[in-house]
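Chain naming follows the written order as A, B, C, D and E, and within any one chain the residues start at number 1.
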Amino acid sequence: NDSTGGSDSSVVAIKKRGVLRVAVFGDLPPYGWVDEHGNRRGYDLRLARRMAKDLGVKAKFTQVNANNRVDTLNSDKADIVLANFTVTPERKQVADFARPYMKVSVGVISPKNAPITNEHQLKNKTVIVNKGTTAENYFTEKGGVHLLKFDSKTQQFNAIKNKRAAALADDNSYLYAWVKRNPSYTVGIKNIGPNQYIAPAVKKGNKSLLDWTNQEITKLTNQGFFVTDYNKELKPYFGKEVKPSDIVLN
Amino acid sequence: MNWQVISHSLPIFAQAFKLTLWLSFVGILGSLIVGALSSLIQYFKVPILSQLFTAYVELARNTPLLIQLFFLYYAFPVIGLKMSATTCGIIGLIFLGGAYMAEGFTGGFSGVNQTQIDNGKALGMNNLQLARYVVFPQGFALSMPALAANVIFLIKETSIFSVIAIPELTNTALDLIGMYYRSNEYLFVLVVAYAIILIPIILLLNLLERRVRYGTFGD
Amino acid sequence: MTEEILRVENLNKFYGDRHILHDINFTLHQGEVLTLLGPSGSGKSTLIRCLNGLEDFSSGAVYFKGEKINLTDKNWQEIRQKIGMVFQSYDLFPNLTVMENILLAPTKVQKRAKDQVAQDAEGLLKDVGLEKYADSYTRELSGGQKQRIAIVRALIMHPEVMLFDEVTASLDPEMVRGILQIMTKLSKEHHMTMIIVTHEMGFAEQIADQVLFLEDGHILENTPGKTFFAQPKTERARDFLESMDF
Amino acid sequence: MEHSVINVLFAGNNFARIMQGLWTSVWISVDSLAAGLVLGTFLGILRTLPNKPLRFILRLYLEFFRIVPTIVLLYLVYYILPRSFNINWPASWMAILAFALWVAAEFSDIVRGAIESVPVTQKESGLALGLSKTQLFCYVLLPQAVQLELPATINLATRVIKTTSLLMMISIMDVIAIGQQIIEANNQKYPTAVFWIYGLIFILYFIIDYPLSLWSKKLAAKENR
Amino acid sequence: MTEEILRVENLNKFYGDRHILHDINFTLHQGEVLTLLGPSGSGKSTLIRCLNGLEDFSSGAVYFKGEKINLTDKNWQEIRQKIGMVFQSYDLFPNLTVMENILLAPTKVQKRAKDQVAQDAEGLLKDVGLEKYADSYTRELSGGQKQRIAIVRALIMHPEVMLFDEVTASLDPEMVRGILQIMTKLSKEHHMTMIIVTHEMGFAEQIADQVLFLEDGHILENTPGKTFFAQPKTERARDFLESMDF
């Protein structure tokens, strides 16, 4: 069924349909979120709209959570995932990743008045993660901490604010933005585990869209699109400690 | 379907299975107590309390458990009331289940013939004796089918606990899917797990219901 | 005359706006049998239910052995232990055995010792020919048998009056006779004071010391039994008696 | 505090969006109910036929939906169905499909129960008048069954409406999903938003379901007279 | 003798293992009234239900006007248009008005023109004194009124035989008489052929041309009406008749 699914989302089919279906986050400022007027915004969204424009089609969004990104592709709910999708060896087996457009690593936040600054402090503590994220995978493999797992960002951030755990682990790129808005917390551990990349993902075997996306990312990188994107969407949300080169690839 | 994936996941599911059973058990027990109490209070029209319980039943029955749990778990701490996920889950389930059980009991109690109550009165019983010897035993038998349906309903409702990070069956399955992308396998195990819990209960309750219907309850 | 057991004075009863019983007056003495006759809907059941507080009434008074009954729940509950009642729909408690049905009220309400009451009960069951059924559930009994148990259940409380509301109305014709015989025996041998609502004219004629004929909630006649059946005073009662036999 | 309630609710077009989310939930319920009731009536009638294998299959169908929690059902329909059977409709259609199948299962049991609880004597009176089986069914059993099943049907409707709260699990922008977006977007300015937004949604569900519950109770009381 | 309408030959009926009816034989002629008597559980209802196919039977045959009835659903449906039946539990269809109840079968089953049947219906309603109630729903009627409508509903089909199964058993005594009068009129004035199950002995005595006395599914007596009531042949029948009056 790969071939039929793949053909549905081929570049030709998308152009014919006139719609690029993109899976994005909806509650994750500043990457993928919805503002108070109901408009979808963020770093990923700007990329999605640009890709649609370059394809000559409209973008249509499906809001996902971290743990159903793969299923969304596999069941043809979207042509492409632009939801801060970290490339990992396991994921490469179930989806095809295009050229990355962002750097990332897992970080850990904790309250400023009880900061956690290195991994040993986490031993036997409760840590909040989002289901289906690299942060969850990291701690599940490593063991030694008690994980509290949530479906969505809204839920996990509310939980940390309600002091349901000692710390919360997620991509450091969001955490920087989040602590800026919630100054009583700090990104005590900035990097844990490997440095990784975030890339667009398409259904396994959808070569046509994969190839097109690779070219597109290359083109956009060369045009400096991601720097612009960074400045427009991310910069206002970050503190001084973050530089464009921490996020954007070149 | 990859059987190896399934067999690897079984220990994790076993854990979740136990938790689901435990939460259901506590929730159902609590619901029965709250339901019986609230229904008797309504039946005998105890002033003030009965209005209070009527309001509770309507509120609980006409709102989704999901939002009840969101409220307990995410919103209550904002006004300074913080409870663990398990506590929230159980309170939520009993809040909802108590109302459903109350309706079930009320249906049964109101099915007790007025003539039965007249007879009890004519024998000189007071309200408490009427409740204890006439209304409750007969009404309970009559409410069995409704209570049985509620038991099944409440067990299934524990699946919603996944939204407050309680690692019961559904949460576990969705989590494993998020980590290892084996949706077919994990959903299969999940459905089988619910079947293992529910089929015996459905069979048992069918049996009970038949006994009630043919009036052999109490033998 | 013997001691007065029940006296009703100017009793009036409304359901909402509807005036159901109008100025009811009568007196019942120790050992007497009073029969309430009248067409369907005339208020016979309502009246008899007022007499042991299953219905409240709007005005008037009921006196039990000369004392005015005070209309609180608590007081009725006391009085009801002295006034037995049996209904048309033989309503035994289906969740209890025959014996449990009989013992429930004396042990729980009157707090009498269980084994003593049980002995008592066996005697009564024998009287009605049902000693074999003590441990049966009520669904195993026929209508006539249930009704006999219901009578035993009321008698075990040692009531001073018995009220019977059409106790044979739902029975098969062949069952009716047995029940009527029990009632006759109760009156003739045990001198039980009774109020009986019935549609069995032959029986009423034979047992009634006094007849109250009701229509639309009014007492049209209050006559000694013999007189009523021989020569009813009112046209209405005459019509009624005629309609009763084809 | 009160100030912030008003602010959160009326900032931007937040309120309108919540109402729109609610509308999504409502119309999905209505469509699912419509489809489910039709299918359920049909299945319920089939279940009263004396055909054993057919009844067994329909019973299995019912029990499957009794066993599988609705969240799981939504997942199965939304993510597994497209892959295994190549049915790929928009999310809202898939939700309607899942709900309709579930409603049909529950309703088939209600219909069967209602038809079977029309007193035998009614059936016999009809037969004794020379009505054929079909005529008996159309003029006597079905109209009476419909009346008998009405309260249970309305109750089912309230359950369906409540269950729409799970729609956000399959990427549908229902009232809760939108609520979460708003909470997230306002988290910094109004830290108590979570309380007010969830509170509002709680009340909204109540406002929709409560009148239906009342109606069903009234009908049931009337029936028991 | 007049034309033969129904004949039953060696009819046997079982419920599971229980033998309910044993070798039933009898013949009913045009214009005759047959009364089925017997204690409760003797099989009267079962027999009468076999005669219009509401119960199937194990062996034997029923002949309608000399023709053997063939036991398919389809055939019974035809026959039932010729055999009217009224039950104890006045089962009008509660979802229809009185008039709709009456018109349903003639218009749908017999496909007669609606206005013509309606006219017919009005006549019959007038006969039973209920012309005012044509548009009422059945819950607004008393038991006796319902039962009269049920009779009209059966008569409008122009049946050749009418079966009545204890049609007055659930009625108030004062209502009974009206119904019995209607049945008497049906026989005496319209010469309707009828089979009647009843517990009203006075009525049975007056109307029966022929009495079938059943016990435990056996016909104990098949006698002309006058003879049966004057001098029953069997001891059992004598006992039965005695038990019927107090």
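Here is the rule we go by: contacts are C-beta pairs under 8 Å (C-beta built on N, C-alpha and C of every residue); 3 or more make two chains touch, one makes a residue touch a chain.
Here the structure is a predicted model, which is why all the values come from computation and not from measurement.
Counting steps between touching chains, the shortest path from chain A to chain D takes 1.
Common neighbours of chain B and chain D (chains touching each): A.
Distance from the centre of chain E peaks at A, each centre being the average of the chain's Cα atoms. Centroid distances from chain D, each centroid being the mean of CA atoms, peak for C.
If you average the Cα atoms of chain D and of chain E, the two centres end up 48 Å apart.
Spacing of chain C relative to chain D, judged by their CA centroids, is 52 angstrom. A separation of 46 Å divides the Cα centre of chain B from that of chain C. Looking at chain E, one finds that none of its residues touch two or more other chains.
Multi-chain contact residues of chain B (touching two or more other chains) are listed as 74, 78, 162, 174, 183.
Multi-chain contact residues of chain D, defined as those touching 2 or more other chains: 79-80, 191, 194. Every pair of chains meeting the touch criterion is listed here: A-B, A-D, B-C, B-D, C-E, D-E. The touching residues of chain A, counted against chain B in their complex, run 66-68, 70-71, 74, 90-91, 94, 131-133, 136-137, 140, 148-151, 155, 158-159, 161-164.
Listing the residues of chain E that touch chain D in their complex gives 52-54, 73, 77-78, 80-81, 83-85, 87, 89, 91-95, 104-105, 108-110, 150, 153-154, 157. Interface residues of chain D, counted against chain B in their complex, comprise 63, 66-72, 75-76, 79-80, 158, 162-166, 176, 191-192, 194-195, 198-199, 201-202, 205-206, 209-210, 213, 224.
Residues 1, 4-5, 8, 26-29, 33-38, 62-64, 68, 71-72, 74-77, 151-154, 157-158, 161, 181-182 of chain A are the ones touching chain D in the complex. Across the complex, chain E is touched by residues 119, 121-122, 124-133, 135, 139-140, 143-144, 147 of chain D.
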